[in-house]
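Letters A, B and C mark the chains in the order given here, with residues in each chain numbered from 1 onward.
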Amino acid sequence: MRLPVILFLTAISTVLAGSVTIQTLVFPSETATSYVEIVPMKLLNLKAFTLCMRVATEISIERKTILFAYRTGDFDELNVWRELDGRYSFALSGGSVVFSVPDLGAMQTHFCVTWDSSSGASALFMDGRKSLTKLYKKGHTIPPGGKVIIGQDPDSYLGEFDAKQSFVGEINDVNMWDSVLSDSTIKDMFSGKRVPRGNIFDWETIQLTTNGAVEVVNTEL
Amino acid sequence: MRLPVILFLTAISTVLAGSVTIQTLVFPSETATSYVEIVPMKLLNLKAFTLCMRVATEISIERKTILFAYRTGDFDELNVWRELDGRYSFALSGGSVVFSVPDLGAMQTHFCVTWDSSSGASALFMDGRKSLTKLYKKGHTIPPGGKVIIGQDPDSYLGEFDAKQSFVGEINDVNMWDSVLSDSTIKDMFSGKRVPRGNIFDWETIQLTTNGAVEVVNTEL
Amino acid sequence: MRLPVILFLTAISTVLAGSVTIQTLVFPSETATSYVEIVPMKLLNLKAFTLCMRVATEISIERKTILFAYRTGDFDELNVWRELDGRYSFALSGGSVVFSVPDLGAMQTHFCVTWDSSSGASALFMDGRKSLTKLYKKGHTIPPGGKVIIGQDPDSYLGEFDAKQSFVGEINDVNMWDSVLSDSTIKDMFSGKRVPRGNIFDWETIQLTTNGAVEVVNTEL
């Protein structure tokens, strides 16, 4: 007779307890040398994706800053930017789609990008709130075979970095899916529920290759 | 057979009910004489800490204000500041680490500082939101044997105060741990869950020595 | 055996469901004639109080606006103001205590005032957040025998109104207690939990006497 109650208490404590430890990337200063390569669990051969991360940065008002870069030998295939004018964008091998959303700051923001090739529907999420939807690169496929790096924008395949566009601040909990997650799933993730694990990147089990002055700090969620 | 359910209801009501009464320190005006000394339950011989408080203040735009001071005979060992330019910082015996976060105001903010000597990881929390992590004083140990005061910055051991840097406003629920609490524990604390009691300072059982024009008001949480 | 659990679930759904309909006062424009008198369930002979309401208004930047007035033959015994400079205050027969808190606006705000004669502790709450505590009129007693009105500031006993200080906008859910409620009770009220009913004013059963151009609209919570 006691079993249901005990199970219920167990479920609550699993949701609430701070028992997950994840790695946090700290980029203390502007460099052309510090970056982290992350290896996907499957090829980035994508007709749709959801990319999420927690990010905090003391960005100066006029600065273009890279948040995520996926580059093949030929192109920047999926780059996420904080633009010079404070807007946010992502680019799939040419052109980009730009959103006038609140700026990131020194307090951590849960930040996601979603894109679906079938309609071109593109949106951002900040702390669980969804932006307007824009249509971009309908029918496009993101090609496999590149490298994913955090901290720098590679102007060639894994090389030639520009310090002025490097990331400065903190990034963790980078997760990626090959589908568009529901609005409520993204809101739950922001709230700290850790149920859906990324199938391209899963930050809890991710392997990082750090280069230059990047500190990896363990954070208990 | 009813016992588990009854226990569960009791646990919920204990967490949610406003049955805890705590002391609130009110500093009504700028002085060089009003301060509160608080006595720790164990020595501040620290390789890591979490320091939290609830604070509200009608700070003027250009004013340096002390939020917490721990001083030994020789040094300011752990001082937390609202800087002249509205940024927030803490200093461990020389130098400081500074964060560009939202300013405090007349509405109460749950404010925490965490630091871990093993990596130097330093962060602020405001109303459950975490700042970016900065690296500061890796390998340092905070030494025991000083005095902790609220309301003034001691330029010598428990003496010589500067009214221009005194705290004006309200502080309560000052709790301190000798470890870095998890992000979710700090978020729970902000929400009013009162489970983890500080092992250096526990505001529910704390002993205060007030000096000058400080009012101690009882507040039911 | 299942009874306690079922009762518990019923209680939760009653608290959360939008089954309560209350009256909303709409003051469409500035007048010297529109006001609502509300009759207390007990005399306002008070050593402490909590006064809450939900209020929305498109206040212009420089305008003094009355939010609540209790006047005896002799004095304004408890008036709540939005001051000319955007600060908020209340006055107990002479002088006032003023708070630099965020301004009200066109989005509804849950707004409370608390005061306790034993210490003089005075605070505001906006959407569940508490302001700093200020000390005001320690030892004072609010006297019985006056009239409570919403919409105008009576410069004499229920008369002589100034249109420039009249309330324009929407007010509902005005509740008042003869004690200081706990912080968590006020936060629960903001969240829509409707458990503690006011013992001076209970808006769910209140009787209103409207005068002039005030619309009373039914709102489902």
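As a working rule, a contact is a pair of C-beta atoms (placed from the backbone, for glycine too) under 8 Å apart; a residue touches a chain by one contact, two chains touch by 3 or more.
Here is each chain with its UniProt name: A, B, C = Pentraxin family member.
Remember, it's a predicted structure, so these values are computed and weren't measured experimentally.
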Excluding chain B, groups that stay connected where the other chains sit: A | C
item: Cα superposition of chain A on its sequence copy chain B - rotation in ° rounded to nearest 5; value: 90
item: Chain separated most widely from chain C, comparing mean CA positions; value: A
item: Centrality ranking, top chain (CA atoms only); value: B
item: For chain A paired with chain B, centre-to-centre distance based on mean C-alpha positions, whole Å; value: 33
item: Inter-chain centre distance, chain A versus chain C - centres from mean C-alpha coordinates, in Å; value: 45
item: Chain A: positions in contact with at least two other chains; value: 1
item: Chain B residues within the chain C interface of the complex; value: 1-2, 5-6, 9, 16-18, 24, 26, 28, 56-58, 105-108, 169-170, 192, 215, 217-221
item: Residues on chain C engaged by chain B in the complex (per definition of touch); value: 1, 4-5, 8, 99-102, 119, 121, 126, 129-135, 180-185, 187
